[in-house]
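Two complexes are shown next, each including chain A; its partner changes from chain B in the first to chain C in the second.
After this line comes the complex of A and B, so read on.
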């Protein structure tokens, strides 16, 4: 009877979610919104818009223009005069105006000093510093390509992996983690809190069923919703070109992570007894955890304190396992066996917490 | 140890429940017989809900015993829950689901399957007179419809004991009469009914016996008729002017046959006791004479039976409870 009761409670929850799909929509919209936001940031914010004024069209003029382009920093717009460049700066159309002056090619060919006038909008220090860093890089690129013998050393790149992982590719996988994190808390929490709000928890408490059936039913409903939500997010990632290298690991980490956060959601819902508390709580807990847990790169690249805090929570391990399942490398120094042990331990702990919270809530009734 | 019998639907002995230093229920004793409608009345915060939570097994007593059909509702929770039907005050329905789905879910929780489930759901929709709205979402229902559906849900698993918390709160007169019929039908079917209500007229009309709770203690327990008799055999209600109510009270209270006198503004309620109809006939002119003798002008008067409201207020006081 216990399993059957859990099944009916799960089905009832799913019906309620279908008729009021707030949590489902929210758990989809938020991660996909993040994805769009960071895509826009990556696409629009990575390169600095600059104007270039060229007085001549000599070989070295064009070579320097090309060298600026290969500095991977500038979004170059050629303008006919310094005055137009200045106008663009004033109208926030560019951050700097780089002038390649008359006689540049000849001076460089005769190894004379050539000055490159640079007008910089230094109100945005971040972009201004990007320009300050990239101009010397452009000069270096120029000498590497035009006078390779002047710089008597070079480098030889050896890639540690067979493929590059782009910022967008890495971030997209992290999006799956935040979907499970926020979605799990919302699905578990709202499903549990709703019964208290409606007063129907009393009906469940007075039915001839075991208390664990209620918790199990809530968890299963959350899992079904969570899987549907995760599948939809994954469809978006597929459209972005991501492909899985390890299906089993991806499914495994999805289920374990979901179980952790749905269980914690059930616990929060049982304690708060209000969906209006659960929703902001899910965001207040979920978003900081997401941002500190290696969403944009390995946590060892962040500050030591943040890395230590992140290691306490399961999100960083889930994200690392997802990255491995998709990109084929572990962005964390924890051995896989330990990583899985930590994730499973968190799942057991979260289950215990949800059970205790439910028992406490019903005992205090 | 006291032997508790299956003869009673509910048996409560020396029941106490403390929340820290607060005594929510103190030394409560009462029984509800099989097929009896028992009304539990009391002001807000008197301990009704706490008592009911202990009877239904939702909370543990601090001390004392509760038995439902001879069973401990905590230790034999499954059996007790099968015998118990609950109609909560707030109806507690899934508003976004249909009436039929609400009943079906309840049936599933109580182990009904297949045709048996469908039959019970249909029967309860008929009982609640909601067949034509079976597929409508509950949020579109009126208060009376929700209450009827809630009663149908409580009766779906054919319980032996039905607990109704304020069953007619906020419903119209037509729905109230339907609900009263349900309750009386439950009694005819041999079910025991535990009813809480703030409408004393309702308790008077439905209950075989009434228990009045105040500050966690049972301060009165009897039939409605016997409880009313405690307030006197008759009540003389007067509306007067041009007289001090204190003077009237002091004067009338000394007269033989007057049990109590209560005054508020220009109203005087005189409870008469231990007198026959004929004696009342002689007493009333004397009382009127005393009032007019003090200069009072009688604008209205009525001689009637005591009401349960007067019994309740005399026992629990007129102070507002939160």
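After this line comes the complex of A and C, so read on.
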């Protein structure tokens, strides 16, 4: 009886999606929207646009230009004069102009000091330091390739992993987590708040069904919507070139994370009784958790305060498990067994919270 | 008569805004939380934590290199430890990189034997790994310049000329972006919901029967949205100035900042009236306005600058009003200059006029139906 009621409540909720297609489409595409927005962010932060003015065309001039190009930082465009470089800075075409002056090749070859004028649009300390640090890398690369014996030592880099994951590749996986968070809260919260707004909650309370079947029906409807939304995000990730190394883990984390946030969404919807409150709440919770939960790197590299807060929530664990499923590495200092225990404990806790919130809301009513 | 009506509508909509916790939350929550995250994350933005292992404990050159690496400002923290400790921290992800100065480093340099430094890098992604890859050459360049191993063998020197007298802080830079988003969002949400409310509560009928002109009523809603935006944006900005995140501007520049904020608020309110009249449902307006604000935030560069965006995106951002608000507010509040601000204000004024020219007729048509 209870299961049948839950099934019909779920079907009714899904049918209501068709009645208000605008809100449904908005909720379904919010996670994809997030992905798109952060792709814009990742695309923007990849390289520093600089213009280079070369007065000469000697061997060392070209070698230095090449060295700058291998400094892991610059997107270089050659311009004929410093004035044009300045214009580009003013029109947001670049953030710096590097001049390789006349006589550079000869001076460097004869061990005389060669000055490299750098005009820098120091927008903020972080951006400016990227340029300031990349030029020494360029200079060292230059000497390393042209005058290797001049540097009295050498250095070797030992990378932890054979292949480099791009910033976009790493960030996209993190976005999958936040998409599930925001989508889950929206689907769970809107579904339960809608009953209060329409006044149909009274009918559900008076119906000869068990209260848990209402919560279960809402959760199932949220899960169906959430899976549709997650599938949409995953298609975009595939288009971005990401491939799964561990399907089972990916699907498992997706379902557990979704269950956590849809349950919390049902709880928020029951307490707030208004879809209008659910939306800002989902964003207000989703964005900061996204930023602090290892979206850009392990939380152990972050500030202690941020790491402590992040460890309380399930997002950081879900994120680490997703990164492992896609990129094959484990970017958190929590063992897999503990990670799964925490995620499952969160799922149970969230279910209890949603049940209690519903009971409390109906009891007060 | 009409001015009094305008004032009454502004007063009533502002009072509704102030007394509604839900609307206040929609207006300020997302941006306030973004601010909080920025502040919390600020310290870690400078770089990652690293370990330094100096196996040449008695060598002078090694000691100098260790000192330079330890005090390098591109790391979040740099701790000297033994190789075993460093390996353990590296495996536990406590540190992102390990710099190993080998045994006999100083002596080998003295005897022209070219010792090899080892730089272990946890390359989870290019962004954090490249920060580490840039750091070592910077440290080595400082080491060579220090004279610890004799004359600097590299003869290339950089003559840096900065366009701004002082680097703005990373948090301050982003705080301005968040304030612009806050102002725009407050305008969209408040004017949008003020318009929707009339349909939802049925008071649109009373408005239609009143002797007030429709234009006055719509301008009243826009006025309330602008006032709410200026209040929320102003409070956020004053808090940022009081916390030392944004430097305190002079009177002239503060006035410019106020003008820019108000023009941004007019753009937001115009968009809000348009959305409210077209969608006529609180839930739709709140959902769409938050998404729209985030889109405009990122399309204007977001927490980066439009110079870093690809060309096609720069072309798009030139049509986004936030771009001009952001440029002008950073110029006045961070760089202490009003160069180009008048032009930005002009573009914002045009954008505001366009938003109103489109929004007002849609609302008028809605009222007449």
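One rule holds in what follows: the second predicted complex is superposed on the first by the 344 of 365 C-alpha atoms of A that agree within 3 Å, B and C clash if a C-alpha of one lies under 4 Å from a C-alpha of the other, contacts with A are read in each partner's own complex, and residues count from 1 in each chain.
Heads up, the rule we're going with is that a residue touches a chain if its C-beta (ideal position, glycine included) is under 8 Å from a C-beta of that chain, and two chains touch if they have at least 3 such contacts.
Everything numeric in this text was worked out from a predicted model, so none of it was measured.
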| item | value |
| --- | --- |
| Superposition on chain A - do chain B and chain C clash or fit | fit |
| Partner chain in contact with A:170 - chain B first, chain C second, else both or neither | second |
| Which superposed partner A:276 touches (first chain B, second chain C, both, neither) | second |
| Partner chain in contact with A:143 - chain B first, chain C second, else both or neither | second |
| Angular separation of chain B and chain C about chain A, which is computed from CA centres of the superposed model and rounded to the nearest 10 ° | 90 |
| Chain B versus chain C as contact partner of A:66, first or second or both or neither | neither |
| Most chain A residues touched (candidates chain B, chain C) | C |
| Partner chain in contact with A:19 - chain B first, chain C second, else both or neither | first |
| Touching partner for A:8 - first (chain B), second (chain C), both, neither | first |
| First (chain B), second (chain C), both or neither touched by A:359 | neither |
| Chain B and chain C, minimum CA distance [Å, superposed model] | 14 |
| Where chain A meets both chain C and chain B, residue numbers | none |
| Chain C - residues contacting chain A, complex | 22, 25-26, 29-30, 32-34, 36-37, 40-41, 43-46, 48-49, 73-74, 76, 92-94, 96, 105, 108-109, 112, 114-130, 133-138, 140-141, 144, 149, 153-164, 167-170, 172-173, 279, 282-284, 286-288, 290-291, 294-295, 298-299, 301-310, 313-314, 330, 334 |
| Residues of chain A touching chain C in the complex | 22-23, 26-27, 30, 33, 37-38, 40-41, 43-49, 64, 71-73, 89, 92-95, 107-108, 111-130, 132-137, 139-143, 150-161, 164-167, 169-171, 274-277, 279-281, 283-285, 287-288, 291-292, 296-298, 300-303, 305-306, 309, 323, 327, 329, 331-333 |
| For the chain A and chain B complex, residues of the former touching the latter | 1, 4-5, 8-9, 12, 15-16, 19-20, 198-200, 202-209, 362-363, 365 |
| Contact footprint of chain A on chain B as seen in their complex | 53, 56, 58-59, 77-79, 81-82, 84, 86, 88, 90-97, 101, 105-106, 108-111, 137, 153 |
